[in-house]
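Note that chain A is present in both complexes that follow, paired respectively with chain B and with chain C.
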Partner chain A sequence: MAKVFTTDDGKEIKVKKRHHSKNEKIAEYAFLAPSLIGLMIFFILPFFVIIYYSGIDNIVNAEFVGLDNFTALLHNSAFLDAAKNTATFSAIAVPLAVVISLIMAVILEKEIPMRSQFRTFFLSPMMVPVASVVLIWQVLFDHHGVINEVVNFFGGTATDWLESDYSQLVIVILFLWKNLGYNMILFMSALNAIPKDVLEVATLDSASVLQQFRYIKLRYLSSTILFVAIMSLINSFKVFREVYLLTGDYPYDKLYMLQHFMNNTFQSLNYQKLSAAAIIMALVMCVVIGALFYVENWYGRDVEG
Partner chain B sequence: MDMENEILEENIEVENEPKLSPEEIRRIALKDRKKRGVKKKLKIVILTIIALLFATSFLMPTVLTIANSFMSANEISTNYGVIFNQFKEPEWGERKSTEYISETVNLKFIPDMVTFSQYATVLLKSPEYLLKFWNSVILVVPIVFFQVLIALGAAYSFTRFRGKRKEVLFFMYIVFMLMPYQVTLVPNYLVADWLGILDTRWSIILPGAFAPFSVYLLTKFMRRIPDSLIEAAKLDGASEWQIFKKIAVPLCKGPIASVAILVFFDYWNMVEQPIIMLSDQEMHPLSVFLSKINTGEIGLAFAVATIYMIPAILIFLYGEDYLVEGISYQGGVKG
Partner chain C sequence: MRRKELLKRTGVAMMAVCMAFSMTGCKKGGNKNGNNTALVSMDEIKDVTFKETDVELTGYVGEISSAKEIDGKLYFITVEYPEADVNTYGPGVGKIEEVKREPLATAATEAETETSSEEGETEAQSEETSEDTTEAEISEETSAEGSTELTGEDYGEMSDEDISAQEEEPIQSYVMDYKLYTANLDGTDVKELTYPTDEPTDNIVGIDKTADGDLIFLAGDYSSEFTKYKFIIADENGNKKNEIDINSTVDMGDDSYVSNFFVDDKGNIVLSSDEKMFILGKDYKKKGELKAENGYFSCCGITKDNKVVAGVEESAGNEATTKAFVKVVDTDAGKFTDSYPIDTTYFQGSDSIIKGTADYDFYYKTDKGIFGYIIAEKKTVKVLDFIASDVANTNIYGLAPLSDGSFIYMTYGDDAKSHMKHLIKADPNEVANKEVITFGSMYSDFTIKNAAIEFNKKSDKYKVIVKDYSDEEDPETKFNADLAAGNIPDVIGMDSYSSTPDKYLAKNLLEDLSPYMEKDPDINESDFLPNYIKATKKNDKLYYLATSFNISTIAARKSELGDKTGWDVKEFTDMAKEKEKSGERAFTYDTRSSRLNMLFAQSSGDYVNWETGETKFDTDDFKSILEYAKGGEDDESFNWENVEEMPQAIQNKHLFLSEMNLDFEQVELYNKIFNGDMTFIGYPTADKNGTYITIQNSYGIYSKSDKKDGAWEFIKSLMTKEGQYKISRDYGNSIPTRLDVFDMKVKAVTATEEYKDEFGNDVYPFESGYGWGENFSVDLKPLTDEEVKMTKDIINNTTKISTYNSQIFTIISEEAEAFFKGDKTVDEVAKIINNRVSNYVNENR
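Here is the complex of A and B:
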């Protein structure tokens, strides 16, 4: 690719992009090698084994059965329920995590007192051990828990929250509580990095606060939004740890996640089923991330950063 | 700025009306400004209240854990007995009491009597807790150190040498990063089996050290270093290693600290990996142990959790600024 520069007197100079020298090529892969080799051994190669497993009937017989494991899985109601629940959870929790943390970042950007203390408070959930989180969520949402006492006080009827249709909501709250702080910090620093002159020009052109937010800030934030969305997506899968400790192997229907399915399949040593499920999940992830990147590229196309 | 602008505009409007004297105009403008000042203050008060509400609910579990660790076993079972099925001591002749100590749950932040009895139990009477604590340390510290170190090289490569093939590779890192444990656990288990490191700490440390999470994060941050800086060093004849050591790593000090903190928090709380990789419970970290003492010794759980939180709190107190500044580059570096 050639870059075109224009000199003062109007001449155009074409500069061919320098190809990397041999030494640079060596450096490029020398720096990457430790990580790539490790990733190969511990993640990529085993993944091929998983692909192999997904195509055979069982480990002893090892007869190739094509896509049978996949079709069986797609007719497995436990898998379908788990996939649906996981997708619903992520589809609710991730956008909420992005939007609420952005709102919090905008609020903390204002000149309110004790900003740095607030920041610390919002980050504090990161350091609470999972086990205490689980304890406290039990104390709050148990059938005899604190929330139900409040409900009773106002004349409502107590519900066993984790055994009800609200169970996903309880987990969404847990997820948000845990992750909003860091997301918020990511947004705060991104808001800080927006060039001030752009905003000043907008103010002079009498753009309203909302217009500034929509047309300027959001544009500059687009790459951070993608970043926060990806981080939230990872963390939305990690919330399984808490769900599992709260409710065990077979929780209420609505809480039965893909991870439960995989955990139980792992325990029953059904590698074929497990491998097929892992591959389907990997494919879905590729599509989701690809879509996120595409949207980000399109939306943030005319700002750098 | 916004506000002043509008006041200016309104002044002009006022001036167009012939009946008002200059004094009156000044008075009206002043009144207007005061009104706006009050409005602004009100807005800040409301925002502060919202932030305060959020902050209290966020801080509550931390405070609750610490506060409850100073309560006696009796007080804890009185408060939460209903939830964790702890019954009254059976009365004479009765085989098992089905009566709860208290029918309601009490969320208490201030102990009736501050006692260190739980801590005494944990620290003096049962040394296994300290052993598990040490187990956590020797698992997590190498993971954090090596993951960040290895990722730094990869991040540098992804920052300096970009191209179609590299972007595809980077995308692959992201996909593997997003794979939930339950997916990567099987591959990791298989590899650990092949390498013969199953039931040793390496089966947890090695996959941890090569986990793609840090690579993604550090690349994100390193790419913010302006190309011009690196090109300049290049022109001065610096080698790639020198650029890496003298420019990229020092400029990424904040991000390195913040990534290290995130990785630490993640592995400090690991539960799944040790259960699957280490059949010998003697080697399990405290996080696994902690998740198992839920119902039996609920009183102890809070004290152990608080002790377990200490390194996290220390890291947090010293590292919070890194966590925050790590992500924001100011001064000449684009964000």
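Here is the complex of A and C:
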């Protein structure tokens, strides 16, 4: 079937869709096959195995129990606490990571002094190994750490930060410290890709800096914001690594995340609980990311056609 | 153009195919039947089965203490024991000498000297059966000039009359006789050679031949503070030609001893301890010195091509595990050249590497079997499996390969005599087809392996193969992975630590054994101790069986506790505080962790409701435990050295109770320590019933096994009277679970005269002794009727299994530190503990 395009001077141009020959199709699939096979073996098939595990009572009896595992899980206070903590952490940390890194990118886009050094400074936490990060945080936030020394100096009372209601705040700071640099670089790259002529036209039309940012830059950045948000969401789950090293298998209530739950259920051979939790988490992620895509599609439709 | 396009596409397609193959085809190693591979089929078993035959070796006197094959001849040393107990080692005619006992002060000094000279003592005597000390070389032996029954100046319970009587009693000093022999490898032509030394302090560590054909012996003198080594060169008849002192050349270090010694084909002499290896030239001068970096030398040997190789065990990054390597030594340059990882975590003894034959550069021995290594391919092949071949591997020494692929070795039999054996590869067609039953556990000791061998010998239908997960870097993770993959052993061995029965029961992994016992004509529930059955049954079903158990409880003075048989935390802490006023404590090592551990060890069930998930660690009851525990001394600053020993502390009324792991011997021991004023009170718990059964090893059948009948037959073999009797001899004084074996044990510990039991074994009157430092000792004799009654009473009344939960205790001890240091209040800590444990409990509900 041909598509018809009309040029500015009224001419009609037919563009035929190229049909691939059978050989070409075979060649295409052959080239895709290794990656597809890998994807199947390491991602898709295991996911179906997880679905199977979530529907049986245990891996020994393997009797189908329907949604009983999910029901039990949704009544399990440990799972609910973990889900709540994970959701709270992500809800706080991800928007902050996006907004702060965007602001930093906008600032560093300007020709400010020591711009390059600042960029390096913000990127350097990415290079620090996890064990070193944990060590630094322990030195800072331990009961006899630097922060408490400062607090005591100013007459306050020392707090065990990681075993108090401020524990999530500590982890949010750790998350931001580690991830802002990477997000900032992504935004800087996206800002550079915005067509300069559009901004010039806006300047000529007396648009303020804020108006340019809101009506032009943000729209062009919408896909990058989506990407950064998704990456930050994924990284927010990965913060389990640092939390685990700081606090172990069973941390203080506020730090008990979904990954703790899943890690521990794996250790105790409770595969059905683990699988059910993984599926619920995957479904929630699908909804969240789907919503993000929808918003991005709606907001960025002008620039993406 | 079209051809170019075609070539381009073909090239890219080939690259994609290569990538696909590399992704799916790559694998680790390439070792066939590595150490960790469990045999699962009869074909695999037949492949590694050897038949064992006896080799008649006669014409020698005494028992063979060590043996080695040199140039196609067998050289062995025998030792002749006099009839009485032997305390001295060295050459000479066996005789008994009576020596007047020295006065106490002098005896104390002699014993100090003796103690330092005994530090190098190894267990390579024919009476010893430890698998760690089997040696191919002439075994290390130490000399002790004579042992003194030391009691020091303070005899504790002994009266002046007893002291005088002991001083009058002469010391009996014994001297053993060593002889050197040679024989053909088929056991014929046994000839006695001249033993190369007359010095009583010379202990032959190893024997080999020099490049000139002389015999060379390495002799160690352990009588002084530092071991002295020398070479003794002798002719082919053992007549000494020369002695060479090598102490200035070879410095093994203060606490190390030569464990390997041989001469390579170039005439270089190789000696090694666990830390260092020395290479000496033909002129006995040092050519090289190597150190085992990141590990230690376990064994050394020579390859088929006459390269010297060293077996090294290095840390695998995880402190709990090691990884074994074989490193090739360049004897001229004195350094390692190549290194080959071996598929095992450790070698089995200093004689583990032996020269290769046929296809293999060298063989190495582990507790699983004999493996051949092909250096060019870096490949390990399992040649012989010990269990498949029905060979008990704990007693093997002098192992040597023959040119036809068979092996000879020396062993000690159940008759405590040495035997020579020949292992010949079995024709697979002649090996009986049996149903393979897999036994798996986190750690399989020699007792269960020997039981498997005994079972295999007797069973025509089943063959038990042992899968020992302790070989894995992370045994628990590997077992979990096997569980997920469905590779679960037919018989599961469990312990009281990480692989507990409760853990497997929660996953429905265990079969109910009650129906098997009901229909079995040989075993019934009524054969077992009622309390044990009651304690181990769940919902009226029996999921596992054990051969023995212990009782965990607390002993205290009956005069202070009266008829009380239990107490709760408040009663305990009230009494402890009252006692502290008079200077009497509750713990030998009165630290915070000791207090916390004892108070909480068995009472976790009081604070956790697994049904509802409720936890009560924020209650006043638990807070009182923390507050009491804080009263102990800080663990880090506690002086562990100068602590009054438990028996003296009890006798001097500085200690009013003691935890104990009860068995027959312990009951008598503690009763004497308490001067007959002893009762068992148990751990403080809410229900005042704090005495528990602890089971170290138990066995169950995998619920989905398709070989349950065979699995039951194997478990049954452990639980018959004879099976449990044999195992109980290995597990010391643990309490047997069978009534009849229990009665045999009671008879044995109460016998006052020697007799033969119904299995034909000699039973001697029970005699044992314990000493603490130099000032206190307790001699144990056959138990009295009262002591037996005391033991039986507590056993019969104990029907609870230990509920110690290590995860909960870890959380408590982590958080309690902050309270002990004063960083947090008891309320804060209790709240955090409750919070953390609550997550754990709800997660596992």
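The definition used in the following text is that the second predicted complex is superposed on the first by the 278 of 305 C-alpha atoms of A that agree within 3 Å, B and C clash if a C-alpha of one lies under 4 Å from a C-alpha of the other, contacts with A are read in each partner's own complex, and residues count from 1 in each chain.
Heads up, the rule we're going with is that a contact is a pair of C-beta atoms (placed from the backbone, for glycine too) under 8 Å apart; a residue touches a chain by one contact, two chains touch by 3 or more.
The model shown is predicted, which means the values in this text are computed figures rather than measured ones.
Engineer: Kindly classify A:Met262 by the partners it touches after superposition: chain B alone (first), chain C alone (second), both, or neither?
Structural biologist: First partner only, chain B.
Engineer: Taking the superposition as given, does A:Val287 touch the first partner, chain B, the second, chain C, both, or neither?
Structural biologist: A:Val287: touches no partner chain.
Engineer: Which partner does A:Arg119 contact after superposing on A: first (chain B), second (chain C), both, neither?
Structural biologist: So A:Arg119 only meets chain B here.
Engineer: For A:Tyr252, select first, second, both or neither according to whether it touches chain B, chain C, the two together, or no partner.
Structural biologist: second
Engineer: Determine, under the contact definition given at the top, whether A:Leu186 touches first (chain B), second (chain C), both, or neither.
Structural biologist: In the superposition, A:Leu186 contacts chain B only.
Engineer: So in the superposed three-chain picture, is A:Leu233 touching just chain B, just chain C, both, or none of them (first/second/both/neither)?
Structural biologist: It touches chain B, and chain C stays clear.
Engineer: Which one hits more chain A residues, chain B or chain C?
Structural biologist: B
Engineer: Scan A:Leu74 for contacts with chain B and chain C and give back first, second, both or neither.
Structural biologist: Neither partner.
Engineer: Is A:Thr203 in contact with chain B, with chain C, with both, or with neither (first, second, both, neither)?
Structural biologist: first
Engineer: Is A:Phe43 touching the first partner chain B, the second partner chain C, both, or neither of them?
Structural biologist: Touch status of A:Phe43: first partner only.
Engineer: Using the superposition on chain A as set up above, list the residues of chain A that contact both chain B and chain C.
Structural biologist: The overlap between the chain B and chain C interfaces on chain A comprises residues 27, 30-31, 33-34, 38, 144, 266, 271.
Engineer: If you look only at chain A, which of its residues touch chain C in the complex?
Structural biologist: 27, 30-31, 33-34, 37-38, 57-61, 76-79, 81, 143-144, 158, 160, 163, 248-253, 256, 260-261, 264-271
Engineer: Which residues of chain B touch chain A in the complex?
Structural biologist: Result: residues 1-2, 5, 43-44, 47-48, 50-52, 54-62, 64-65, 80, 82-84, 103-105, 107, 150-151, 153-154, 156-158, 160-161, 169, 171-188, 190-191, 206-207, 209-210, 212-213, 215, 220, 239-241, 244, 262, 265-266, 268-269, 271-272, 276, 287, 290-291, 293-294, 298, 301-302, 305, 308-309, 312-313, 315-316, 320, 323-325, 327-330, 334-335 of chain B touch chain A.
Engineer: Going by the contact rule at the top, pick out the chain A residues touching chain B in the complex.
Structural biologist: Checking each residue of chain A against chain B gives 20, 23-24, 27-36, 38-39, 41-47, 49-50, 104, 107-108, 110-114, 117-136, 138-139, 142, 144-146, 149, 177, 180-182, 185-186, 188-190, 192-194, 200, 203-204, 206, 209, 227, 230, 233-234, 237-238, 240-241, 245, 258-259, 262-263, 266, 271, 274-275, 278, 281-282, 285-286, 289-290, 293, 304-305.
Engineer: With touch defined as at the start, can you tell me which chain C residues reach chain A in the complex?
Structural biologist: 9, 12-13, 16, 19-20, 23-24, 480, 483-484, 486, 503, 506-509, 613, 703-704, 807, 811, 814-815, 818, 823-824, 832, 835-840, 842-845
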